[in-house]
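In the two complexes that follow, chain A is the common piece, with chain B as its partner first and chain C second.
And now, the complex of A and B:
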């Protein structure tokens, strides 16, 4: 994992001291809320329905056990004993007091954490593949590149006041586990004739105008990548709309001028930027990459004993192949039946930290699907890990099944939401609680957002649910056919919306249609794409 | 009836204008009638409460009930964590929201 140098630490410490002063001035009445709001947002502090909410950055979703324990400590000391892992691989605390915020950030800084780039119209926290460094199908480890982008983007003077927020994802596998093409910039690291470079996709996103990012460049050499991205951002910063926040994202710019025109302008800008010498020297890349060297693997390649059926089920569903023989990737589900997607108690966070320290070379990952990953577990240790997870109520074997639901906080917490998301997720998970039924349905990605901002990624759900306000009453629209993976697509609204119970019934009817019409190994989304919407509409609206 | 609500500057807690101060309990909220805007501006100036705004509510025998579900959730707490609401010992309290 990357470790701060003195410069990194000094920057974060200085930011904490600066924000402490700003908070003190606000509490003393020396600043109005209008003056203070942009300052607190730059430090990840939002005002939500019930309290302040602090969003803490977890760069590219990677953290160690010391940092994970600090997250538990913050939950225990300053919040209400739990945290909420988000769809951008961060964590949110829902009950923060303004007077505590500087102390919290000061404690986070002691473990090289902060809340920078979690709000505002800047380049947000870089996201990546939660299996980075462990995936068998990756061409390189994307984390050094994600870290390089973090260093490039943090406090970038030219890109701190963009027209709108800007999200970048980096992957290095043909299988997209990071919804890469639904970001403002998506990078897929690839090799061409042995040379490392990146496919560059620009202009994707969800929200009220969902778009899949077009490929702007099929291969940018690694040596040119920062300059190329600088050019991409410069063109956006110059031409992105600032008069209408709903049309200010880069996806709108590219949609309006066309990918070809944008590509041409970036090429022109790149020709200039490349002369500025911002791409790092090889020595700096090697310095960063050294932090992500593979751990000292030493386990023999022994298959775990599958005598315990619950353990075997968990192995089959939540444990994924590793590129190193003798090791496996463990997915910890934060989706217990009837629970709140993405929430973990401080005790559970501590348990996961302990397991990472003991069994996963001290490393964890947060996934955009609101789960946790132990990336380097020896197969000989899987049973012990499972037992510890089971004791902490963290062993649900439902990864990628219908109960592994992404849900935003919705109207239970969020000031932007129009409808509650969590109760719908709870009812659907409970309706499909039977494990055999879930396994029979197979991979089915269900995603719920409580408003059009789409933090719950509903556009990318095989089944998506969008909560809307219909004359003061919660109403839920259903979409089918979305995907955030390599088969990326935007879901389509199937028809009129439903009330809370009605949408649960409609989901069940849709799964019945799927079961009746599926062929071979088709997933729900495959069947939908083959047969179209009509059979589903007929069953649901009949 | 009209209520004035906001979030406490320091704690962030939801607060309701009582006629001579602020309370975290919606039952204490006063009908501000036509005076909402004036009180709002005065309180914004005092900088004790964040983002105050005026809402519609219905008077009931148990106190005011905000017209919109969002403000009812603000008044009580998250519907999915009754233990974190203002009435954790009353499992039926959530019925008031829906």
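And now, the complex of A and C:
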């Protein structure tokens, strides 16, 4: 994986010093909270309901064991002994003291980590496919491109006061594991006539107005990409709405002027920007790519012994095929029944770091579904890895099943939330705790947001739940038919909302309808798409 | 009032006019751009302008950063001034976008400004200033 050179290290070190200075000026009263807010936000520091929350960047979700141990250390030393992995492949700490922040960033900088641009109206942490480098279906490893974008977007002088936040995802497989088209810009790397380039999708997003990004350019060459993205961003920075923060994302601009008009404007701007010489030579992408060379695979292709049924179950559900014979991709579920989706204790974080060091060429990934991946595990080691995970209560075999729920922090933490998300996730997981029942339901992506901002990706859930405030009472709306994968779609609200227990009952009724109507190996979402809403509605409201 | 200026030429005494007034027929040499104004409208006239003032009514208003780059990319050599809700921590970005004078509404601490400008030795990306991007330093 990528290693900082002196330039990269100097950047994060300088940022620590700068932020320490900004905090000191705030504490000294030289800045108002209103003036401090955009600065702390550009450094991932939010004021939540009960305390400051610090969001630490995990660029494209990749980290090594040393960095993972640092995350555990910060949880122990500065927080309440746990961290929360997010849908942006980052980690959040919920109980941070303002006066500790600069010290935390200084510790992070010692392991090439930071919190730069993890919030604010700027280009956020670049996300990617958690199986990058290991997936059998990728045309190339997308992470060198993501790193190129990380560097380009870091402290970008023109695009740090955009109309609104800006999220970019890069994938390189036909299977979309990163919800690429639900980003402000989604890049899919493709090969054309032997040359690598990017399909560029612009204007996707969730939030209160969910949109699927249209394709704006079918192929942008590697050495044109930064110029092209500058053009995309400049058109947005100049013409994106600033009169209403709820209409300020790029998806609204593109929706209002149309994809064709946007495409034309970007093409004009690109013709100009390309003359400025801002694109690094291909040698820079090659320099970065060298850090992502495949590890030294040496394991024979031996199938693991499946005599232990719990292990076999976990193998079938959480372990995925690898591009290299003899290896497998291990998914570690952070979704124990009754737990908080995405949370891990410092002890668990250390266990995962140890396993990565010993069994996965020292690498881990964070997924947008709030789980962890060990991307390079030899098949001969799978049983040992599983045993260690089981001992740390990390061996839930529920990947992509109904209890593998994405949930935002909700009203338990977040000052924007209208309703709690975590207790609903816990109740649903508990209702469906029986493993045979979950397996029978198969892939069923359930996602919960505690407000219309949709941080819990409910629009992209096969079943989505949106918490709203209805005259002071928490109320939960159900949506069906969304997807963040390559079959991307936005879920539709099925009818009037429910109270907390009512929504759990409604989900259960929906799964009963699915079981009665499914054909062959249809997933829940396939059956819903085929038969439509009516039979579900009848069972739930009838 | 101009508090920070990074040019050695004389300060323009002429008051700046609005973009509409300028395009109307004015022979003014100083013009003021509001966030809604299209900086590209000035491109045919850059040779005769000595001051372009860009308004930042709120520090969150980011269009002026693009306006500045567009003007510099078009070859504008005169004074480019950021006026309004300009804060310490914006000045480094503004300098990179091509601003070379600053008229903040609320007076700024000169030491804090100097620190903010000196904080980073390098930058990752090319912009409107003379900073050599890191990728170029890496590849000579």
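What we mean here is this: the second predicted complex is superposed on the first by the 539 of 542 C-alpha atoms of A that agree within 3 Å, B and C clash if a C-alpha of one lies under 4 Å from a C-alpha of the other, contacts with A are read in each partner's own complex, and residues count from 1 in each chain.
Convention: a contact is a pair of C-beta atoms (placed from the backbone, for glycine too) under 8 Å apart; a residue touches a chain by one contact, two chains touch by 3 or more.
On a predicted model such as this, the values are computed, not experimentally measured, just so you know.
J.: Once chain A of both complexes is superposed, is A:35 in touch with chain B (first), chain C (second), both, or neither?
T.: In the superposed model, A:35 contacts chain C only, not chain B.
J.: State whether A:21 touches chain B only (first), chain C only (second), both chains, or neither.
T.: A:21 sits against chain C, while chain B stays out of touch.
J.: State whether chain B or chain C is in contact with more residues of chain A in the superposed arrangement.
T.: Looking at chain A, the partner in contact with more of its residues is C.
J.: Look at A:244 in the shared chain and tell me whether it touches chain B only, chain C only, both, or neither; answer first, second, both or neither.
T.: The answer is neither, since A:244 touches no partner chain.
J.: Just checking: does A:11 make contact with chain B only, chain C only, both, or neither of them? Give me first, second, both or neither.
T.: second
J.: Could you list which residues of chain A make contact with chain B in one structure and with chain C in the other?
T.: In the superposed arrangement, which is not itself an observed complex, chain A uses no residue for both chain B and chain C.
J.: Taking the complex as given, what residues does chain C use to touch chain A?
T.: Touch residues, chain C against chain A: 35, 59-63, 65-66, 69, 73, 87-90, 92-94, 96-97, 109, 112, 115-116, 119-127, 133-139.
J.: Touching chain B in the complex: which residues of chain A?
T.: Of all residues in chain A, those touching chain B are 26-27, 29, 32-33, 47, 49-52, 80, 95-99, 340, 411-413, 417, 420, 422-423, 426, 472-474.
J.: Under the touch definition given earlier, write down the residues of chain B that touch chain A in their complex.
T.: 7, 9-14, 44, 47, 50-51, 67-70, 73-74, 77-81, 84
J.: In the complex of these two chains, what residues of chain A are touching chain C?
T.: 5, 7, 10-11, 14, 17-18, 21-22, 25, 30, 35, 38-39, 121, 151-152, 154-163, 226, 234, 237-238, 242, 272, 276-278, 280-281, 283-284, 287
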